[in-house]
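Next, two complexes with subunit A in common: one pairs it with subunit B, the other with subunit C.
Coming up: the complex of A and B.
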């Protein structure tokens, strides 16, 4: 065929994908036709093997089912629910039921996290979202997401502007201080950067400083609110009351401090005079600049960001005060900051531990299912495991949210044969134990045959043959299936190699052949194959093939309109 | 193999091209010495094809690198003899080695993208060896490279010669790597998992290409892989490695017909076969490959072996020869050229106290099931 058609689809399927099309834009305005009208379905408890060479679109098909990314066109229904029309949030609610196992187990597991956290993650993210989401938590999620997005999207120009502005702000502070001292002939070290960069365009600097102040303050506000929202997002318990209270209190406190700073504007000159304090401010501002360069760290080190942001604000505030009081307030705020910091940290840790504890029985259970001893594994990191063990962890992660369908994308291709056998047996056991429905993507037909109830052969974005495996292997119907079969290495020195037929490479998916896409490599290709795309049709009970002249069964009946076209052409 | 056997010459008393004797390679790790290759001995005649099979970590790649002298200098010691056509590889200096790599021995690595220079045009990479070893001019090297690209089946070599590796598919890249390895017509090519990263179809093409080139150039080939299926139809002799040791060595046909080592049997049984029904239970090798810095005393495979007895844990079996392995089976192979003319069939070494297929092994298996050490399916449940 590699042709289209839906003759092989069944009415009662758990997962049904129809006419999936996935196209990617390529350089020069061209289009990569990765998947061009593939229809698949799975009944409950069935394993569908999806087989083909690299670049045939089998992985893209698997991902399109998961909406990663969404297909260009076509429909995907899981249990009657249409997935292509759902928005991001709704899709996230579906994902616990639709999981994926990737080819390379090591790179699909975060090397810096412990096994217990990796496996428990789907529970925290997806299940919490679905089952225990309160109105308040939703609100917080939204805010948190909004802020996080603002920071993330502040990439490129925005970040550079923010950075430059903040640098200018620092220089401004320094240069002001220096100016106050300008009467002295001596050039202090603080003057050097200002002299080099700052003085030539003091006016510009002042403008930049104004922007910096605005940006800086906005950012400080964001930084203050963000960690709480993030924390509440990940750690349910704190989320509702404490989290919101935290947001309100810090926002209020920040606003108050800002207002006080502003109102004490009169004292600025005095503050700027005290060189030590402005230096301190400068250091903190530099810290802010650094966090601005890496806003993604704001989540991980959010607590620290909050604290330092507050310290900056306090410094602003304290700057407007007089001598003795200034010192007292400074000391008091330092104590308060320390206590606050410790409190936040303690809450954070307590919640993390509580969540871990709550998830642990379930994590242990799935680890035992996949044949890993939880006592050994829980506190280790993925890179401490061999390839096969790591693939077991990936399977455990997919299982923990009790999915209905798992898409396995070449789960054994990077493993040794001996380990491959272990993983194949494991998938088979789990399927029987948990009633899983699997899509098994691979390039080795022998592996696919071992696990599948139904096999679909793909070539260059189209389906060639869909059939029950034993019949397909006994007598392939599509010439491409035959070619794939010939390519399997036989562990038998007496067997004929039969590999001389395997010629050529997959044509470019940017410019697929007309008619049947396999015709350029097909030994049976005729004129008709170039002119007319074969449709999927049933050639024997349970055997569907998209080929004009299949190796078994009747050749496809000629279509009238195409026959006349051909006449006209000749 | 029938071809070479028919020619008679590769086996008939030519001196071996490569002789490896008591090769030991030890990495000095923070947790102690790691003997990645531990006393390996084999030889290869000119034009012969040797398969080296084992799981990840069995030492097969380290062995090939030790032979090529490609190991790092610090924290590794390699002892033993590697005699390549009268030249003692172990005593060569860097300069002499450079003269060996290319025209004498050459290597194809697993990851084609990793073994190609991403910022050098393909033509230049293919021609580089020729310029160094044959003193060819840039122009002559380019035309030679063009010929080589055509030979290894790169379509449109005129266009491809000026492209960079990332512009090619995985199979094409591996063809380029092979072209580089073949450029100076080496007498021995070591292919280290040349197809592991590739599709089955591309794998078949690459293996066919290697075989065609080997036959044409009368080159010797060492094919390293973890998949017995790959070496089955494409080698004359097979070495099975485990924990840095050779555990079985036999001519390909003998090995598949009469495997003695339980490890070889387990590897063979774990391959999914097209002839099996779908959902057929695969036999697995229980447990993990051994911790190489803390090897068990006795047979290294014993903790994972379904036949293992107390003796296996206590004492390491030596590599012994199968007595009169051949005649007993000659009746099965009536269609193939008779076994007597296959001189390699005589050498069948294995390292086991309870070789597969003997009544002792069957008894040992029964005992293990009875004692609960092994499940009915032959998987070790309780290794101690």
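Coming up: the complex of A and C.
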């Protein structure tokens, strides 16, 4: 009965999984045989129902098709492309074509994010994955864009601060290089100009320096260029050759600066007291820039962390000054801090909003597809929706990336009956509209019957029967299918209770029965069932079954195959 | 139903802000020089001119408490922020990747919990410390080392529970990289738990600084620290209890306030799902 074999597979399938095996290590060196040699295929536009008891490996099969986790063995082909052999990067590019809808709509949506971000996420991810591939070019574009953005948004005050900061920066560089500071661990008077202009403006400058670093300019060059650029509102494009040279020079210069400060000061504490502090700030500034270039990756929390780290460093910095100057520095810093933070956050928001704006038309379109009013939904969070609505959101997210195949993992099991019908109709409509191919995993046979073109029955990691739903429901071929059908509750209080339900528990997948896996609970089990594993074979047109003694058609021809026997018995 | 933070929460926040501001602006505030000895005021109790009284050699306890806050706050903030970044990262990586990475990280972190904090601290001070100026860095370093494991464990536990949710699987199905899943999907959910926990760690570090100072191992004199003040006042407990009591009270209230704010934030950030 529940057995292997590929007799039911067709040659021209869109998605084809062969001999999928998924095993998990369990405690005590044992192995859970979750899926043991399942073969499925789907033609374009078809819906395959996958049914079975809880724990029979339906969901695991669905996930193995997505390569999450990758199956232990077996092959999965999508449009002729073999997925199991692809590396992680390549599989990421394929995944948008294979989407999934989950059983629990609430837990499949991140409670901390808004609908507009959740639905747009596939677009952001695609953008990120593409931009990684063409990293250099895209990065330059985006940084250039950001820089323009920053300059456009810099107010008059900011520009004056930037100018002063660059002067302070030059002074600071001079004091660093000219003065022998080993004898004096805390900050000396030459540092005061930089300090009075304010540590944050130093950070601002280093922030700009970090942009230059990414663009391929050196810090020193920047200290000269920045004021001009701020004044003229133009920051020229830099070619990649200059960029590369700049990166080399900058790296060398930073290494030299690091080495110089390190060697001239006794230890890391003193090093921190002087140039090291600024270098740390530079690192933070680079981080900040990165987070602004890729706002959807760093998030507001990332920016906030960086800013707070800067403030902590500032405490160290200010603590090193004389009492008299301290007040001036503190006041100046407080003012500049505020300016800087506001500006950084505004740039961050502007960038994030730009991304959102770019994604919004698509998000709206998809939300309308699934019957959710975008105007109400966009700024709400998932837990503000009912289960049915949340499932619609989940479907919308799966649709954004224009998938070919959607694996629905019990999409209606946790919804109430009236909503179930709505979701099923929605899936049906979308399927026709977008030419989707569906794998519909469920344990509710009535649901599966209505949506499927073909139904596969699973038991303990193996397939029992693959048939057209109408024929299967009218006359089940496999004893397990028959029992499943008998277990459908009848909405008639007078109806006899099916006493002949499946007895006993599902055997442990760690130690599956020999031969046919269903034999321990099968009313028709014979000796042969324990010794020999049944093969999938066609017993009637379009009806495939893996059973030695099916309920319709001929019993399986006797087969004397010692190898199979030995395998089955082990 | 909107959750409210309540009056006491804001009281605690205001107290902490005032304390932090006082510490930062100590130099320019109209308070006494913490090193100055006022003749004839030795062991004098609180008065109008010396709010918290004077210590054994006649220095102003109030101004020393304010200056002591600088050390306490810098050590606890920097220590916690660093420990949070390192421990949080380790915990998230451990909880998200699971299997071998998790086993090794958890084993290492658990092993680090076995080291008695005081012994570790003594060893570091003895081996690394030659100069008093550097003591504060060694303090911070040790505190970071000590707080990484507890923070990583909390974050790991939270990560484990979130990483099992379907939305993480969904993100991976969409082709998201691990970094993106960690920072965009898991971090926002885990962050509340470790931000509020970090305040409790911060309070813990203030207390640890106190006990370390009691052994004379904190930032050395003349820099005032709370622990050192409590320690010095010990000899005069019978005649002038305020010398130890005042810094002790301030430390107590600070720790209480931090714990309270941490607790309240934790409750406040609890996912709303529970409402459904």
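Side notes on the structure shown:
Note that the second predicted complex is superposed on the first by the 340 of 570 C-alpha atoms of A that agree within 3 Å, B and C clash if a C-alpha of one lies under 4 Å from a C-alpha of the other, contacts with A are read in each partner's own complex, and residues count from 1 in each chain.
In this section, contacts are C-beta pairs under 8 Å (C-beta built on N, C-alpha and C of every residue); 3 or more make two chains touch, one makes a residue touch a chain.
The model shown is predicted, which means the values in this text are computed figures rather than measured ones.
With both structures placed on the common chain, the touch criterion links A:416 to subunit B but leaves subunit C unconnected.
Of the two partner chains, subunit B is the only one touched by A:53; subunit C is not. Of the two partner chains placed by superposition, A:360 touches none, neither subunit B nor subunit C. Of the two partner chains placed around the shared chain by superposition, subunit B is the only one that A:451 touches, whereas subunit C remains out of contact. In the superposed pair of complexes, A:469 makes contact with subunit B only, with no contact to subunit C.
Of the two partner chains placed around the shared chain by superposition, subunit C is the only one that A:68 touches, whereas subunit B remains out of contact. Comparing the two complexes, no residue of subunit A contacts subunit B in one case and subunit C in the other.
By the touch criterion stated above, subunit A contacts subunit B in their complex at residues 53-55, 386-387, 389, 416-422, 424-425, 428, 443-447, 449-453, 469-470, 473, 483-495, 497, 499-500, 502-503, 505-506.
Those residues of subunit C that touch subunit A in the complex are listed here as 24-25, 27-28, 70, 74, 77-78, 81, 85, 133-134, 137, 165-167, 169-177, 179-180, 183-185, 187-189, 191, 271-273, 275-276. If you check the complex, the residues on subunit A that touch subunit C are 63, 66, 68, 92-93, 95-96, 98-100, 102-104, 106-113, 121-122, 125-126, 128-129, 185, 267-269, 272, 296-299, 301-302, 305, 308-309, 312, 315-316, 318-319, 323, 326-327, 330, 381, 383, 394, 397, 401. By the touch rule above, subunit B contacts subunit A in their complex via residues 1, 55-56, 155, 169-172, 199-205, 207-208, 226-230, 232-234, 252-253, 256, 266-268, 270-274, 276-285, 288-289, 333, 336.
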